[in-house]
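Shown next, in structure tokens, is the structure this report addresses.
Chain lettering (A, B, C and D) follows the sequence in which the chains are written, and residue indices restart at 1 in each chain.
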Amino acid sequence: MKKIGVFVCWCGLNISSTVDVGKASEELKNYPGVFYADDYKYLCSDPGQELIKKTIIDNKLEGIVVAACSPNMHESTFRAAAEAAGLNPYRVEITNIREQTSWVHSNKEDATIKAIQLIKATVEKVKKSEDLFPQQIPLTKKVLVIGGGISGMTVALEVAEAGYPVILVEKEPQIGGNMAKLSETFPTLDCASCILTPKTAEVGRHSNITLMTNSEVVESSGYFGNFTVKIKRKPTFVDWEKCIGCMLCQEKCPKKTNSDFEHGMGKRKAISVAFPQAIPYRPIINEKECIYFKTGKCKMCVKVCPVDCIEFEQLENIVEENIGAIVVASGYELLPKEKLSEYGQGKYADVIDGMQFERIASASGPTEGVIRRPSDGKIPQSIVFIQCAGSRDNQKDRPYCSKICCMYTAKHAMLYKHQVHDGTATVFYMDIRAGGKGYEEFVQRAIEDDHVLYLRGRVARVYEEDGKLVVLGVDTLSSEQVRIEADLVVLATAVIPSEKAKVLGQTLKVGTDAYGFFNEAHPKLRPVESMTKGVFLAGCAQAPRDIPETVSQATGAAAKVITMFSKNHLVSDPQVAKVNEKICVGCLQCEPICPYKAIEPETIEVRIGHTVEKRQVATINKGLCQGCGACSVACRSGAMNLSGFSNEQILEELKALCL
Amino acid sequence: MSVKFKPNIICFACNWCSYTGADMAGTSRMKYPATIKIIRVPCSGRVNPTFIMKAYQKGADGVLIAGCHPGDCHYNSGNYFAKRRFLLATRFMNYIGIDAKRLRMEWISAAEGVKFARVMAEFSETISELGPNWRAREEV
Amino acid sequence: MKYSYFPGCTLHTQTKNFNDSIKSTSAILDIELEELKDWQCCGAVYPLTTDSAMGLVSPYRSLQKAHECGNNLVTVCSACYNVLKRTNLTVANDGEIRTKLSNYMDVDEYAGESKVLHLLEAMRENNGFGIIKEKTINPLKGLKVAPYYGCLLLRPSKELKFDDPENPTIFEEFIKSIGAVAVDFPNRIECCGAYVSITSQRKVKGASESILKSASNREADIIITSCPLCYHNLAKEQERLEKDDYTFKPIPILYFTQLLALALGLEVESCGFESNKIDARPILKSKGLIYRGDA
Amino acid sequence: MSTKTKTEIASMIKRIELISGESLFKCYQCGKCTAGCVMADEMDISPYKVIRMLQLGLVEKALKSESMWICAACFACRERCPKEVDLAKIMEALRVIQIREGKPLIEPDQVDDKVIEEMPQQGIVSGFRKYN
């Protein structure tokens, strides 16, 4: 039998007016296992805590029950006091006789009976308690950031500035992501590259940031604080160390092809750098287009290169890195136009998407910022913008709002009207969602000052007739069917996660939703953490969002990483699951129920008589387990238990309450 | 003199939502019958159906499981498991002849002190009407 | 390939010439069409209500019979196709309706095991367009054909799965295979006004006129269709247009198998051109595709 | 304005939903159905507005409109509806309600003989299936 102490708090009159605290402590004195019981006016006060400490030491108590306010208030206070007196803090349990007893009942007799019963139940729980010790988990203070767009760069810079090493992995040859392609940004109309270039340059030269562009994460193992990742570095066929970025190769390369960076709006060479401000400013050869790779002849780049850095024989290689935390910032793409069969399925050259419009409106784009339509280079006299092209559309399996389109469409229409004053810009919208600082004012400016015509309704069809694009729409406010002949149609196609997000999610063991956006740990309270401890989320990888929101979230993710790295060890809550290997049958019913993937099979050796047998059992990664206890219920053999809320503790508590 | 039957009810409350909701009821000085006794669990998904059955065996007249609203579970999916187990448990109770009304499950958030008090009062009333649980109680 | 064949009411009576061209051409293409015995009207429209199964009785009977014959069912009229295929899907997915229908008609239960195919689909399945190309001895060179799909062949696409509902290509493939040029005209997927014309031809004016004008803008020589009702509405609208708009040049409307018959080298007489409301022979003659025939 | 009570209206809405098998409240009034409707020009109430009226409980007004008789059930609306509402079925429900209440649009003897003679059988059958 343990020596247990019981302390009943009056909380001034808060408890004592409804619960007869004296009677309670008196009755507990005679309860089996209770060595000491008393009541006190304010246990949370300094003298109260001193009393507890002294009593523990004087009586060599092995466990205590504090009957007071909610454990949410002072559990940590009393556990700390007990620890100071040499008692394991997990030997301390709180009985809630204030919030859940004295304050909610008015009959003193009933309340006292209930309080006594609750305290007895807690005594039973303490009897079954164990010493628990927080585990120290080692920590590699280095972060892997996946994605070199504005969110990934923000995370990288924040963490690097805090003094920790960062590996920034980007699948494209250069960083900058989607933002590098934008013309101007809402709601201020400042040019995207003007605000982005200083950032990319800083990332490029920061001593704490290792940049791995043209690379992808292909494998990940370990757990928070201690991940090992494998990064595939795809060949560039140019020795970037030697290269001086003179770009003679690009100038002289005879092979011209469509540029992905320009989204088909412009051309590039088979050896090229995507855009003039690219970081790193180093060219890459596209294996599929290069004449030498196809025919074995040409080598023009080799001929003109002054530093002899072309390496046709370069191979991909895999590098392994040990890191402590991962930030996923894999960004977004746009729903391909081919999926929108009612808007031409991508077969009309002059039906373009938002990003293509960005390129033709960008001063550094293929038209040098003059808005010309792709088919013949004419300046369009009439543009129709179609919002919600694929978004908010169950039929296209994208029932969600893409969030950024209302704003960028207003911006597009404005940019156009600023260039072509007598042109007409028509926007088809369903709702204008302009929640954000200065956003609504921005949209109103487009309507009032720039005379952009906003029609409330969706477009049924776009087709070509007599060299014009015909847009069949409706204005539901006037109930009129609308037929507009346009020179250019811009579709605000749905924001979708990066094509490789799902695979990346599987690699990192982080869940994605039905559309491929990464799931956050809690939609309100843990928006930048994933369900996998140590993996954080930033930017459009998690959901569609605009630049200011992305930057805020990325900064938040960086703060989470920095907080994690601010300690020398990670400490894990000891109130986690544990397996009794003796009775575990290794059925692993617990494995799929664990939301944190903390359970894995393990083969152990068991000595039976003179032979040693190998047997599979479940094992808990205490770093990953968060202590929900779902596995303990799923366990058929009863081998799985939860420290701090063990089956025995709950059952004893229960029994005492049922009497 | 007729003494009104005072039931004994066990409430399993998840630490993150419902237990805090119960605290909220207290802070707002809502009143509910003293027949309810709360056991704190980390998550409604921690509630093993054997706990429920054990409660009836040991003489509880009613059991209430309170967890986070769907989609709000601190551990993401625990409340869904709890709900499924609850449904199974009610079927089992029907099977062995315990009135399934003696088991109830509720989503109560940390902000729903009012709801907590209301549910407790309602459930206490239900159980009072059902009378003592003689069926499943072990002979003492 | 052998199929059960469901001609439907209109092909059986008013537009027999269409049916003749189907039979004569499919024989050449080794598509064996065995007409269902005692078939009855499909009902012309698929019932869109949930609370009455009566409209399904008639198509169910034909489907059930075809299944008994052990063949997949081919039909050509767009309306028959729409009704039969949707009914087939309904009885495959809805056991309650299936049982109800079978009990009512006192027949064995049929759960949609057979396929319902449009003749074009049957062709597509068996490389029919390749075979047509091979067997075409009178390629319709230089003939600009506007394929008019209409509504019932394409929609609802989730059930029919005939082709892309906005950008269909099957008629274009067909036209290519007979050596003609397919005219891409935007209104090829729009509705002609359908049965609304029974109340007044005026009400379908807008719908039919835009289809004709759209084809005429693209300088189509011929419009082909697979639906007798579209054929009728478009022809009636042309009558009116001819009167009201002297600039409008009428475009002959043919059933697609009539052109096929010509391409496969059948005699002009057996293509049934003489029964069409607008005579196609002058234009075919001017293109040098036929040499005989009254015009 | 309406002569019906709230409950009567609610039960009429329920009936329309039951007959059509469609939920009226899925519609978020984007108008895409109307934008592509070839018959909308002939209608007194635009297709999207027909649903809106039903959502608002103006069932009688919707039933008085001619729109459901103009609808040719070509399914273009259904094909394009982002919310996957089958408007053709709702139009059918409105027709069916009228017909079942003994108010068909046409009686066979009202149709011109010339029309009957010229029109393909398929058109006649579908016309009477929809209108009587």
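The definition used in the following text is that contacts are C-beta pairs under 8 Å (C-beta built on N, C-alpha and C of every residue); 3 or more make two chains touch, one makes a residue touch a chain.
The model shown is predicted, which means the values in this text are computed figures rather than measured ones.
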{"item": "Any chain in contact with subunit C as well as subunit D", "value": "A"}
{"item": "Most centrally placed chain - per-chain CA mean versus overall CA mean", "value": "A"}
{"item": "Pair sharing more residue contacts (C-beta pairs) when A-D is set against A-C", "value": "A-D"}
{"item": "Centroid spacing, where centroids are CA-atom means, of subunit A and subunit D in whole angstrom", "value": "47"}
{"item": "Rounded Å distance, subunit A centre to subunit C centre (Cα mean)", "value": "54"}
{"item": "Whole-Å separation of chain centres (CA-atom averages), subunit A against subunit B", "value": "35"}
{"item": "Two or more partner chains touched - positions in subunit C", "value": "165-166"}
{"item": "Contacts with 2+ other chains: residues of subunit B", "value": "none"}
{"item": "For subunit D, residues that touch 2 or more chains besides their own", "value": "41, 76"}
{"item": "All touching chain pairs, where touch follows the definition stated at the start", "value": "A-B, A-C, A-D, C-D"}
{"item": "Sites on subunit A touched by subunit D in the complex", "value": "342, 388, 392-396, 430, 456-461, 472-476, 479, 481-482"}
{"item": "Residue numbers on subunit B that touch subunit A, as the complex places them", "value": "8, 10, 19-20, 22-23, 25-27, 29-34, 37-43, 45-49, 51, 54-55, 58-60, 71, 74-78, 81, 85, 117"}
{"item": "Touching residues (chain side subunit D, partner subunit C) in the complex", "value": "18-21, 38-39, 41-42, 69-70, 72-76, 78-79, 86, 88-89, 92-93, 96, 105-106, 111, 115, 118-131"}
{"item": "Residues of subunit A that touch subunit B when the two form their complex", "value": "70-72, 96, 98-101, 103-107, 110-111, 113-114, 117-118, 121, 521-523, 531, 575, 593, 595, 626-630, 632-634, 642, 645, 647, 650-651, 653-655, 657-659"}
{"item": "Complex contacts: residues of subunit C adjacent to subunit A", "value": "164-167, 186, 214, 217"}
